[in-house]
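Could you have a look at this structure, given as C-alpha cells, before my questions?
A, B, C, D, E and F label the chains in the order they appear, each numbered from 1.
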Amino acid sequence: MFSYKIDDNTELRLLEERHAEQVFALLVENRERHPELDKDFSLEDAQKKIKHDLALFAENKGLGVGIWHEGNLVGGVRYHEIDWSNRMTELGYWISGRFEGRGLVIKTCRVLIDRAFNELGLNRMVISCAAENQKSRAIPEKLGFKQEGILRQSEWLQDRFVDMMIYGLLANEWQTDKRL
Amino acid sequence: MFSYKIDDNTELRLLEERHAEQVFALLVENRERHPELDKDFSLEDAQKKIKHDLALFAENKGLGVGIWHEGNLVGGVRYHEIDWSNRMTELGYWISGRFEGRGLVIKTCRVLIDRAFNELGLNRMVISCAAENQKSRAIPEKLGFKQEGILRQSEWLQDRFVDMMIYGLLANEWQTDKRL
Amino acid sequence: MFSYKIDDNTELRLLEERHAEQVFALLVENRERHPELDKDFSLEDAQKKIKHDLALFAENKGLGVGIWHEGNLVGGVRYHEIDWSNRMTELGYWISGRFEGRGLVIKTCRVLIDRAFNELGLNRMVISCAAENQKSRAIPEKLGFKQEGILRQSEWLQDRFVDMMIYGLLANEWQTDKRL
Amino acid sequence: MFSYKIDDNTELRLLEERHAEQVFALLVENRERHPELDKDFSLEDAQKKIKHDLALFAENKGLGVGIWHEGNLVGGVRYHEIDWSNRMTELGYWISGRFEGRGLVIKTCRVLIDRAFNELGLNRMVISCAAENQKSRAIPEKLGFKQEGILRQSEWLQDRFVDMMIYGLLANEWQTDKRL
Amino acid sequence: MFSYKIDDNTELRLLEERHAEQVFALLVENRERHPELDKDFSLEDAQKKIKHDLALFAENKGLGVGIWHEGNLVGGVRYHEIDWSNRMTELGYWISGRFEGRGLVIKTCRVLIDRAFNELGLNRMVISCAAENQKSRAIPEKLGFKQEGILRQSEWLQDRFVDMMIYGLLANEWQTDKRL
Amino acid sequence: MFSYKIDDNTELRLLEERHAEQVFALLVENRERHPELDKDFSLEDAQKKIKHDLALFAENKGLGVGIWHEGNLVGGVRYHEIDWSNRMTELGYWISGRFEGRGLVIKTCRVLIDRAFNELGLNRMVISCAAENQKSRAIPEKLGFKQEGILRQSEWLQDRFVDMMIYGLLANEWQTDKRL
C-alpha cells in the first residue's frame, strides 16, 4: 500500500512478510552474488530476515525496503540496527544481477540516507564492503562517503576471512543537492 | 518517507514513534471526542499506542496509519489485531473536529479495506460504534457495511456501559468501483 | 478434590492436567460434534487446552470446568478470557452426545453465570453459536439470553465461513430464582 | 464456587486472587504467629503469594487451599513446589490463633495428603518445622509422619538461624483408615 | 586462564562451555558411577549442565569447578543453587574411578567450603548422599560435616527410591586449620 | 578464589558481583578519566556492568577481569561481546590514575589476547580509542596492533562526537615471545 516513488518505473516499499517469496526467489536467482548466505538458505530464512527488520523498524531501530522496478522486486536496501547513543547506522544493499548498472541502488541509498539525516536526525552513516569487491565499493564512493579505513580479516565469508573497507558519511557532508 | 496519496492535499503514512508528539497534541486538542482515553492520557501513552500498532504490523497482525492533510496530521485509521484464523479484522478511526466532514476518514477507510481484501486476502471487516454515536455510525453506513446487531452494554466508557452497534462487510460485497 | 455438586449424580470439577486423557477420549468419541478441532487433534492438544485455561484461571481471567455425571466426565463449560475493562466474558460448552438432553449443560452454565455475576462482579455474559446449529442455540435461549445480532461469516469452520449468532445476558437480567 | 466439605462447619476452597484481602487481614491479626513474613508485608504480597500458588497449580506443581470455618477464612494449607522427578512435596500450614486446637489443620492436611498420594501419585510427603516450635511439630506427629532428622541452622527467621525438624511420610505408610 | 593451584599436580578451573567434551568423555568412561544421568546422556547435556552452572555463577548463585590433575580433567565439585535467604548451599562432587583415593575431592571441597564461608559469607553447607553409598559418605565425614538425618525414599535413582543421608557443616565449625 | 598471577604483586580475577563496591569506589576516585559514564553513575550501575559481563561470560561471549595490585583493585580489562561468526572481539581497559605507567594494563591485555587466540581460537582482536587520547592509543601500539583506520565522529562522548582510531591484531601476528 505504502510506497515511495523514485522514478516513473521504480518505487520503494517497506518489506513485509508477504514479500518473502519474492525476496527468496530473487536471492536464489542471484545465488552467486550472496556468499554471505548459508548454503541451505530457505524461504523461512527469508521470512525471518524480513520479520527481523520489521521488528527493528517497530522499535525505531531499523528499516528494510525493497526496490520495485517495472512491477518486480529487484533488490533492497536496509539499515543495520541503529546505534542511537552514537546516532549512526550502517547501510546494506543488494540488487539482482539483471538490474545492476541502472543506478537503482544509488537512488535508493539516497532516500534512506535522507531519511536517516533529515527524518531521524542521525549524524553518521557507514557502509562497509569487502575490500576486494570493486562493484560494491563503487556505491559509497559515488554517494560521497569517505574511505576511513580497512579492517583486516574482519568478516568470515564462506571459507576465508576478508578485509572490510569502511566508508563514512557525516550529516554535515550530505548536501541537499545530492538528494533525489 | 513512505506515503500513500489520497488526493492532492492528503496522504497516509504509517504511524511511527517519532509522530507521537503530533498524535498526542491532536488528541489533547480533541479531548472531548475521545472518552475512551484515560483522564491522565500522556505523551508516553501515545508512544505506546504507536509502538503497539507497529509491533502488530511487524508480525503481520495490524496496521496503524495517520492522515496528513495539507501537511498536518489530522486523524488516523487502524486495524485492530487481525484474526487470521477467521480472516477478519476491525477498523478503528479518529479525526480532528476541525477536519471532520471532508470525507477524509471515509477515503482512508477505503484504502485500508482495499488492502485488507486485496493485499492481505481477508474475508470480513468489522466496524463497531457506540449505538448513541450517530456521527461515528455514519462511516460504516457510507462505506456499505451492513448493520449486524447491537451488543448491549458491551463497552465501559468512562462512567457507564454503552451499547455497541456492529457493522460487517464481506470481501464479496466490496466492489471495485467503491475503491479510490 | 474440589467439586461442586449440581445434583445427586452430577458434579463439576476444575479441569486439571491429569484429566487430559478423559477429555481427549470424550472428544474423540464425539468427533463429529467438534468441527472446530483440527483433524490431527491429539492428547497433547487436549493437555494444552486444559493448561491454557488453568493459566487464565491463575491470572483471574478464566475458568474451565468439567461435568462429571455418575462418575464419568461427560462435558464441560468454560469462560473465554474475561474482559475486565468491560466486565464481561463469553461462555463455551460441550457435551457428549450420549448425555445430551438431560439439562447438564444448562445447569452447569447457571453455576458459571452465577459465579460470573455474583462472585466476580461481571456485568455481561455472551454466548455465540453457529446460526445453523439449532441445538447449540437452544442453550442461551433457555438461559434467558437475548439474541443481539448475527455476525456474518465470522468463523471459519473446517472448510467454510459460518454466521455466528450472538446472545447477551446482563447482570440485572439474571434473577436469583433462575439459579440452581 | 468449588469447595470440599470437611465437616458441617468447615470447607476448603482453592485460594483465588479475590481472597487476598481476607488472607491479608487474617495474617495481620495473627502477626506474631508469622515470623517468616517481612515486616512490611502488604496486601500486594498476599496477592502475590496467592497468584504464585495458582500459577504452580496451573502447571500441576502446587496447590494452596484456604480453610473456611463457619463462613470465615481461618487458615490454609499448601504444597510447596512439587518435585515430580522424585515424586514428593512438602506441606505448609497456618491457622488463626482463635481457631487453633480444633483439629482444622490436621483435617485439612489429611485431605491434601490424600490428594497427593491418591490423586497425584506422589510417593513422599515432607513437613518441616522449627525444632523449637512444639505446636507446629504436633501436626506431623499426629498425622503419622516419622521424624527423619534435624537440619541445623537451616532457616533464617527474622534475626537468627533456627534448626528445622524434618518429618517424612511415605505413600505405603498412609492408611486408608487415617483418611477423613 | 584462571585457575587455583591445589598442589603441584592439581589445579581447579571454573568449568566453561569449551570443556564440555572433556566432561562428557569422563562421564562416559565412568558411566557406572553416575546412575543419576539419563541413559541417553549426550554431549549436549554436558554442555547444558556447564552453561546452567555458569548462568548461576553469573547471578552469584552457584559455582562449578573442574579438577585438573597432571593436565587432565579428572572430576568436579559444584554448589547447587545458593539459598541466599538462609545463607546456605549444597556441595556435589564426582571423580573419575581411576583417580579416586588420592584425596582430590576432599581437597577441592575444602577450597569451595572456604570460598562459601569466607568469600561469600554463607552460614551452612550441606552434603547429601545415598545412604547406601559408603564411598560417597566418607567425604562429608572426613570434612567434619555432622550427620543430621536420613530422608527416606527422597531420591529416585533409575528404578527405585533411595534414602538420602543429610550432612551439615556450619560456618562456626569450620576451622582455619582444616583449610588448604 | 580463582586468580591468574601476573607478577609477584599483581593478579587477575574474574570480576564478580561482590566486587561491585570496589569497582564503584575506584571509578568514582577516577571520575575524570571516565567521560563515558553517566553523570549519575551509581553502585547499582557498577553491579549491572559486572553482571552483564558475567552473563556474557556464562554464554561464552565475553570476559571481564579485574587487576589486583598489592591487594587492591586498580583497574580492569574486558572483552566486548565476542563475534563468533567472524571470530573476533574487542578489548576495553581502564586503570586507576595512581597506578598508571606500571605496565599493568599491557600485561593484562597480553593475558586476555593470549586467551582469545590460544584458548578460544579467535582470529582477530580490536582496540578502539578516541583519536585524541594519546595515553589510550599507546596501549595497542605497544601491544603490536596495527592502526587500521579512523572512524570519524563515531562515538558520542558527553557533549560531542569524537573520532575513533581502530587498531587490529591478527592471530598470526601474535608471537609467543610476546606472551607473559
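As a convention for this text, contacts are C-beta pairs under 8 Å (C-beta built on N, C-alpha and C of every residue); 3 or more make two chains touch, one makes a residue touch a chain.
No experiment lies behind these values; they were computed from the predicted model shown.
Number of steps on the shortest path from chain A to chain E, with steps defined by chain touch: 2. Shared contact partners of chain E and chain F do not exist in this assembly.
With chains reduced to the mean position of their C-alpha atoms, the one farthest from chain F is C. Comparing the contact residues of chain A and chain B by number shows a mostly shared set, over half of all numbers used being common to the two copies.
In terms of their C-alpha centroids, the spacing between chain B and chain F amounts to 52 Å. A straight line joining the Cα centres of chain B and chain C is 33 Å long. Multi-chain contact residues of chain D (touching two or more other chains) are absent.
By the touch criterion given at the top, residues 85-88, 123-124, 126, 146, 148-156, 161, 166, 168, 170 of chain D touch chain E in their complex. On the chain A side of its complex with chain B, the touching residues are 1-4, 12-14, 16-18, 51, 54-55, 57-60, 111, 114-115, 119-120.
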